[in-house]
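The structures come next, written out as structure tokens.
One chain, chain A, links the two complexes that follow: it is found with chain B in the first and with chain C in the second.
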Partner chain A sequence: MAIRRNTGCNQIDHDLSRRGFLGGGMMAGAMAGFGSLLSPAMARDMKGQQKQILQVYLQGGVSQFESWDPKPNTTFGGPFRAIPTSVPGTHICELLPHTAKKMHLLSLVRSINLGINDHHQAMLFMEKGRPMGTYPYVGAVASKYLSEPSNPLPGFVHITTRGITGPTAGFLEAQHAQMRLEGVKPPQNLGLPEGVSPELALRSENLRLQLNQQFSSGRSRSLIDSYDASFDQARQLIERTHLFSDQDEKELDRYGRHWFGRRCLLARTLLEEGVTCVKVTHHGYDTHAENFNFHIEQLDEFDNSFATLLGDIEQRGMLENVLVIVYSEFGRTPAINHKYGRDHWGTSLSVAMGGCGIQPGGVVGSTNADGTAVADREVDGGHLFHTYLQAVGIDSQKNHEIPGRSIPIGDPVAAPIKELLS
Partner chain B sequence: MTYYDEPENSDQNTEAVVSTIADPKAAKEIKKFSHGKPLTTCRVDPTGKYAFAGAEDNGIYRFDLQTGEKVVYLGHDSWVRRLDFSSDGKTLYSSGWDGRIGLWDVEPAEIAEIELTAAVEATDKEEAKPAVTQLQAPDAKQMIDAHQGFARWVHVGSDGKFVATCGNDRLVKLWSAKKMKLRRQYRGHGRHPYAVMIHPDGEELVSEDLMGEIFVWGIRDGKPRAKIDASVMTGFDEKFQADMGGARDIAFNKDGSLLGCAGISNVVNSFAGQQDPIICVIDWKAREITHHLRTQENKPGVQWGVYFHEAGFVAGCFAGKSNVGTVEFWKLDKAKQASPDTKDEAETPPSKGVESDAVVEGKTTDSYEQTTESPPKPIEQKPFHVIKVDKAVRGLDFTADGRRFAIACADGSLRVYQL
Partner chain C sequence: MCCARLYYLPVVSLLAVLVAGAVETRAEPPSLRTVIDHQVLAVQGSQSVAPASASDDYMFARRVSLDLTGRPISVAALKEFVADSDSAKRERLIDRLLASPEYARHMQYTFDVLLMQRLPKKHIDPAAFAEFLRKSFAENKPFNQLALEILSADGAEETNRSASRFMLDRELKREETVRVIGRVFLGRDMQCAQCHNHPQIDDYYQRHYYGLAAFLKRSYLFTDPKSKQVMIGDKIKGDVTFTSVFTGEEGKTPPRMLELTELVDPQPVEEPYEVVPDKTNRGVPKYNRRLQLGPAMVSDSNRAFRLNITNRIWAQMMGQGFVEPLDMFHQENTPSHPQLLETLADALRDHNYDLKYLLKEIAMSAAYQRASYWEGEELPPATSYLVGSIKPLSPEQFAWTLLQSLGEVQKQRALAIAGFRKADEAFDPQSNAAQVRIESAVTAALKPTIDKVVAVFASQNTASKFDASANHALFLINGPEIAERLLPGQGYLIDQLLACETSTEVGDQTYLNVYSRLPTESERALAVTFIEASPGQKQIAVQELLRTLLCSAEYRFVR
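For the complex of A and B:
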């Protein structure tokens, strides 16, 4: 049996535009159907556990020196000091005082070597667990294997205003691709265009369904169903207007009234609503110039908002089922350039994670004294990918079952970081 | 107890004869001293004997401008951002990213020679190596935990009575110079204040923050008196969603009629260093920006220095995005130059001061001058002379006589020029 290949569905990537969703059924014509990709055994394993993921993506490459792996008073240490945390013996940068008080909920991996210094390629490695090839992001895999079929909401929501876009579902069904929200507001272009009455919109929708029905005649229903599901998910999300109405003033006082604080508050709400994977992007870490001033500003925003969100997740009893990940596509160079900047560095970086399935309070691996290289327990994006999925109960060493082939969920050359898994 | 501490040895103030015929076009590099790490700032002591520089290794380095002898002052846990001197020139003040203010002897009684690496005797395979030593000054006379967060600036008023500091706790603080007792703190900056100066008349204080908001504070009553909009010196980077700006240097001219603020403008992509350097010159009496001093080539980078020379020109130093620098010189358009008469007679007379040690809080909830009319458009000016430097320049200061200046460079060199 010939393998039917994806020929373009991933361009959709759920930017949640009306045009995109109305066109979803039509786009299906250009794509192959995969049928039921979920093996029954895996489905039994994964469904019904209500596991969720919160990804906090520090876009641009947060400096490991100025965050999780400070090296004060060393050659490349920069001007900031290390502070103690709630975990005895573990220190992080002084720019994260609020997070430091929550470190007993998190663990650190300080020995990541991606070997990639390009934003896009490194980001893909961190998201897909493979340095190249078409594979789904962590969030898409989570959506696929963790979302309840009865859950009307999208499985993978990304709150961001910009950033690299690309296919996030890989070869999985389109409904598992990220749905992008541009901040705390309903997606643009989903309201009725000026001059279009509800009646006309209903007729348009009926026409779309009719075209879908015609198109699907004699074809596999799976892909069209997938797009229909995507459309329904978007509609369900939009109909929950309280998500996008004014945020509670007292909560904003706690989270911060800046964009990132508002996004973190929305992330909490989306998790409470049952979205399987919520990704929040905080921009502004590509600090080729003014690395230190920018980290002061950006991490000041991140620190309080993230610590508040993490604390709320814990206090609401959700942390047992929510995997929390804070990551970047890479770190920053040890060398400080003439602009007080640090450049791209995929050779030794750190990630923080905690919650569901993760042993808290740990530190895995280390860098050498000057932070120029991994000293022990070297891992890469593949190991992290396995670890994330194992933590939420997905056996990453099994396969995606696609008609005609089986594709390993995690890169077979990598393995979970066992010492992190509880 | 009096409000003021008497300035230390005020009768011994160093008063150099300032050259008013200095010609920047005749400037030549006469000395170049090297240090192993990039320098962050520099100041020349009032006698003109030494230049002090901060470096990216937490040290402060004193260079003898004649001999090149280098002495390290250790005590900060982080980089030093700014240096200044007591009015008698005997004490060095330093502000560090560790939030502390250090007070040091400019000429300590004893300087130790510390062996960093021992001498190596010759072997069959290796030649003999001498011991590596460094000259080290004694510990600081005082180290003050001045700010929660980073102490970005320290300035000693020209009368030597007060020291002003600011830091990332968003506070501006006023200290007695002699005992470093906190006298006042000023709240109002919404973002981090980057620099603060005491006006030469000793009555007012000026501070500028990341967003280009300049506050003028009454020193004695602690009240905000005016707010000057220098938002031209900041920008929101839409792509990276962050603000960048603020004063990288700040200075008054001698009579206090002009204030200069050096920094950046026209932010395009500050994460890559893509913005224009600028010096804003402010008419102190009118509280208005009168000049935008631009570099000759307007290449992207940062203006790290501003200095009003008594010969009538303004000097600035520039660090380019591509790691080259300049020292540039401007003559202000006299038609726009402010009157030296800086004080408004109708201004509230200063109070008699505070009779206790209580720290007085100034807040911006108090009323202050606010300009309602649109200020005139500042004059855009290019320099009349440029000295090119092969590395980015991060600091500039002149000797008291105005005949020499020193620059701190990103390659760790400290260079001295003769006018």
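For the complex of A and C:
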């Protein structure tokens, strides 16, 4: 007899460990303060508004020591200090001074063990919540279940310049696959063909609709409708070409004029335009050599741009509907190699998240004193995946119901990190 | 000879046919096409609905050409076909298409995508694997033979190197190899069964998954020290065990094909190796477990193998498998026409797995030849096969169709023929050998463009039958691959259209080249209005008319 799902799958102790929350439970006051964000009245207001996700992907594997889980003055701690943050009791690396001031908007998970040290495999685990197999990315799942049917824009947009383009929608429909933007350049083929006036384009569009109307008579509408929808989405993008080209100079001063600053500003625009999941990639964290110098440069770019973006999202009242995630495919080795580098490390890493559905100001789990292993509340990509989706109101323990099969949305052997959910 | 029993198990059906077709003699078994039509309608039962009328010649010619050769019929051949008054002309067209080099190419594309899922190159040149497939289909290699070769190739011999891409480019990784074998040869996606018995499907067991894995457990990747080529070596030891992540139960299994008898290794012998594996030598055991996989797969006792390929070929032609999704055969997902599926599968086996035979019989059935629009009230479900389906073109079909409608295929064909003539004055483009050479030359010339179109339209979504995203639409509206071929003076279709004397003629030519049919009166008027609404801008208007038809739904589907 086959075993039904959810029987005996709770292998990890899900007991809520509030001790790790809010810096050792000392900050009950702070908790009350942030608690107002989570009032039932707010929750009611959130209804009907589309939930969104902002993923900030630090490609190559940011060092947990040099970011969210500093271990100053220990064997592997490296040269940097830990600094206090806006959450009393929570310290992060001194390379993130701007982000430190916004930590009351975020929570940290410091106890992730993926058991994978390969860039691609680990990235897939973080995106799909499964260590292997064909499944959709977080962004594609969000696009499928959160996008309002009336939303004209693609559900999942990835702003990047490098990296492998693999299938991101898994078994979901192509419209939920990421639309990849090359940096802040507009998507390919955006614009009208040469010599075609807007009037002629409109006549062509009307003719196309007329032809399709005729063709659909006596035939199944569903395929033809989804084909029509793709042209509608294309037209909407063509009308919004300006989003990709005109970036406000003053805003760029705030975000930073480097590539990552520009991408963060575009991410804000796309979120405001209603894209369900915006993923921004910051390349260059694979620091096998000169780990410390590279992290100074990388995180200097990241820190200001990200903190500005997070601040803007909050200030514009969007944070309650936008889940913000900062993640890498893995962390970096405690051991420092002879080139002053740190290598791949999937054994103990951290992720920061906040906004929609997430208790702010918390820290879940911990690593041991030297940062060589997870000490408490071990989780993996499966738990994170469940948590992200639960945070935006998708029941990750249900199934994707697609013709002929039901596939669990999140890995049935993992579960959401409940203490993070608000 | 008593073949009839193979095709007519239920006595009731047999009687029904005998009564209905009283002229039929008892000695001759009914042809498979007759059986198809009988059984398709028989499933309807008492509330029978009359099927849609037969497709007209235009619709049939376009459909059968796309289904069998992956590209639409040429306008010249279409006109000839429509004008032909021979009552056997549909059968003649089917025979011609099945004999063409385009058939082998289309099957190459179809099976390459199925078997390799567009995986990038690892150890074997993808073009070599594609060519292996093309040749196999060109010589109409029996499908069981093809499967056997693919599942047995070790890449150590030049003769099986290209076929070994299936295993070698997955590097024998269990989670990829076992899953794809289950999907494409057995019609069962057992992904979930690698960690536990399937949670929702009662007959996908871990022992099925690991039974397949056991065939390959003793195989490993060996790098030849001289050639540096990677190939498959085999050892004599290694068994699979598995643990359910839900229950913690442990299990083990010898090689097995689903629920069929387990394979037992022969008694160990004193010198078990032909070649003992070491650093410089690829292990070759006297008894090689991996080589039992192919024979066990294609064995007559393995019904799943023939049901799967039959269902896939049926779906390729009809747009709807008896079992859908195609890789979800299980006891709760029963076929829409179980008897017909069995009958076709047995017929395929009895005809030595001749895919052309099966394709032709399906193409000759009334069920296949029905019109694809329904004139009644409520559209019957796709599983009834009462009305022709609309099938999305595969990325490769769509690429070829676009390039043919724009005139690029014809242009390259003329260039290829001119090239061959230059080298050899006696070159006869009509001969079979010449057709093969021309097709190869045209394909080689167009490959970069085909690849670009495929890159835009290819999707990994195996669950959905049709996918459309904004990228696809933007490509059609403003992609350079199309825009460049809409410019006059380069020998494309646009030149012919601009040379037409009247707007009516432009409309007719555009419809023939894009839709493989003539416009109706109202469509003709629509085209004329469109062109003439931009006085003094005829060129742009004609370009836009052509482009708009390329963007239409009728063009995106086989109808």
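In this section, the second predicted complex is superposed on the first by the 325 of 422 C-alpha atoms of A that agree within 3 Å, B and C clash if a C-alpha of one lies under 4 Å from a C-alpha of the other, contacts with A are read in each partner's own complex, and residues count from 1 in each chain.
By our rule, a contact is a pair of C-beta atoms (placed from the backbone, for glycine too) under 8 Å apart; a residue touches a chain by one contact, two chains touch by 3 or more.
Predicted model, so just to flag it, every value in this text is computed and none were measured.
Visitor: Touching A:60, do we find chain B (first), chain C (second), both, or neither?
Guide: The first partner, chain B, only.
Visitor: Quick one: classify A:336 as touching chain B (first), chain C (second), both or neither.
Guide: In the superposition, A:336 contacts chain B only.
Visitor: Figure out whether A:229 sits in contact with chain B (first) or chain C (second), or with both, or with neither.
Guide: Second partner only, chain C.
Visitor: Output check: A:421 vs chain B and chain C. Expected answer is one of first, second, both, neither. What do you get?
Guide: In the superposition, A:421 touches no partner, neither chain B nor chain C.
Visitor: So in the superposed three-chain picture, is A:80 touching just chain B, just chain C, both, or none of them (first/second/both/neither)?
Guide: first
Visitor: If you stack the two complexes on chain A, which partner ends up touching A:369: first (chain B), second (chain C), both, or neither?
Guide: It touches nothing on chain B or chain C.
Visitor: Could you look at A:202 and tell me whether it touches chain B, chain C, both or neither (first, second, both, neither)?
Guide: neither
Visitor: Just checking: does A:293 make contact with chain B only, chain C only, both, or neither of them? Give me first, second, both or neither.
Guide: The answer is first: A:293 touches chain B but not chain C.
Visitor: Which one hits more chain A residues, chain B or chain C?
Guide: Between chain B and chain C, C touches the greater number of residues in chain A.
Visitor: For a test of understanding, state which residues of chain A touch chain B in their complex under the given definition.
Guide: Contact set of chain A toward chain B: 60, 72-73, 79-81, 161-162, 259, 283-284, 286-290, 292-294, 296-298, 336-339, 341.
Visitor: Under the definition above, what is the set of chain B residues touching chain A in their complex?
Guide: Per the touch definition, chain B meets chain A at residues 38, 56, 58, 77-79, 97-98, 150, 168, 192, 210, 237, 239-244, 270-273, 302, 319, 321, 323, 391-392, 410-411.
Visitor: Using the touch rule from the top, collect the residues of chain C that touch chain A in their complex.
Guide: Within the complex, chain C touches chain A at residues 175, 191, 195-202, 204-205, 244-248, 324-325, 328, 333, 372-375, 379, 382, 387, 389-390, 392, 459-475, 477-480, 483, 486, 523, 526, 530, 533-534, 537, 540-541, 544-545, 547-549, 551-554, 556-557, 559.
Visitor: Which residues, counting only chain A, touch chain C once they are in their complex?
Guide: Contacts found on chain A: 1-5, 7-9, 11, 132-134, 154, 167, 169-175, 177, 179, 187-196, 200, 203-204, 207-208, 210-212, 214-220, 223-224, 226-231, 233-234, 236-238, 402-406, 408, 412-413.
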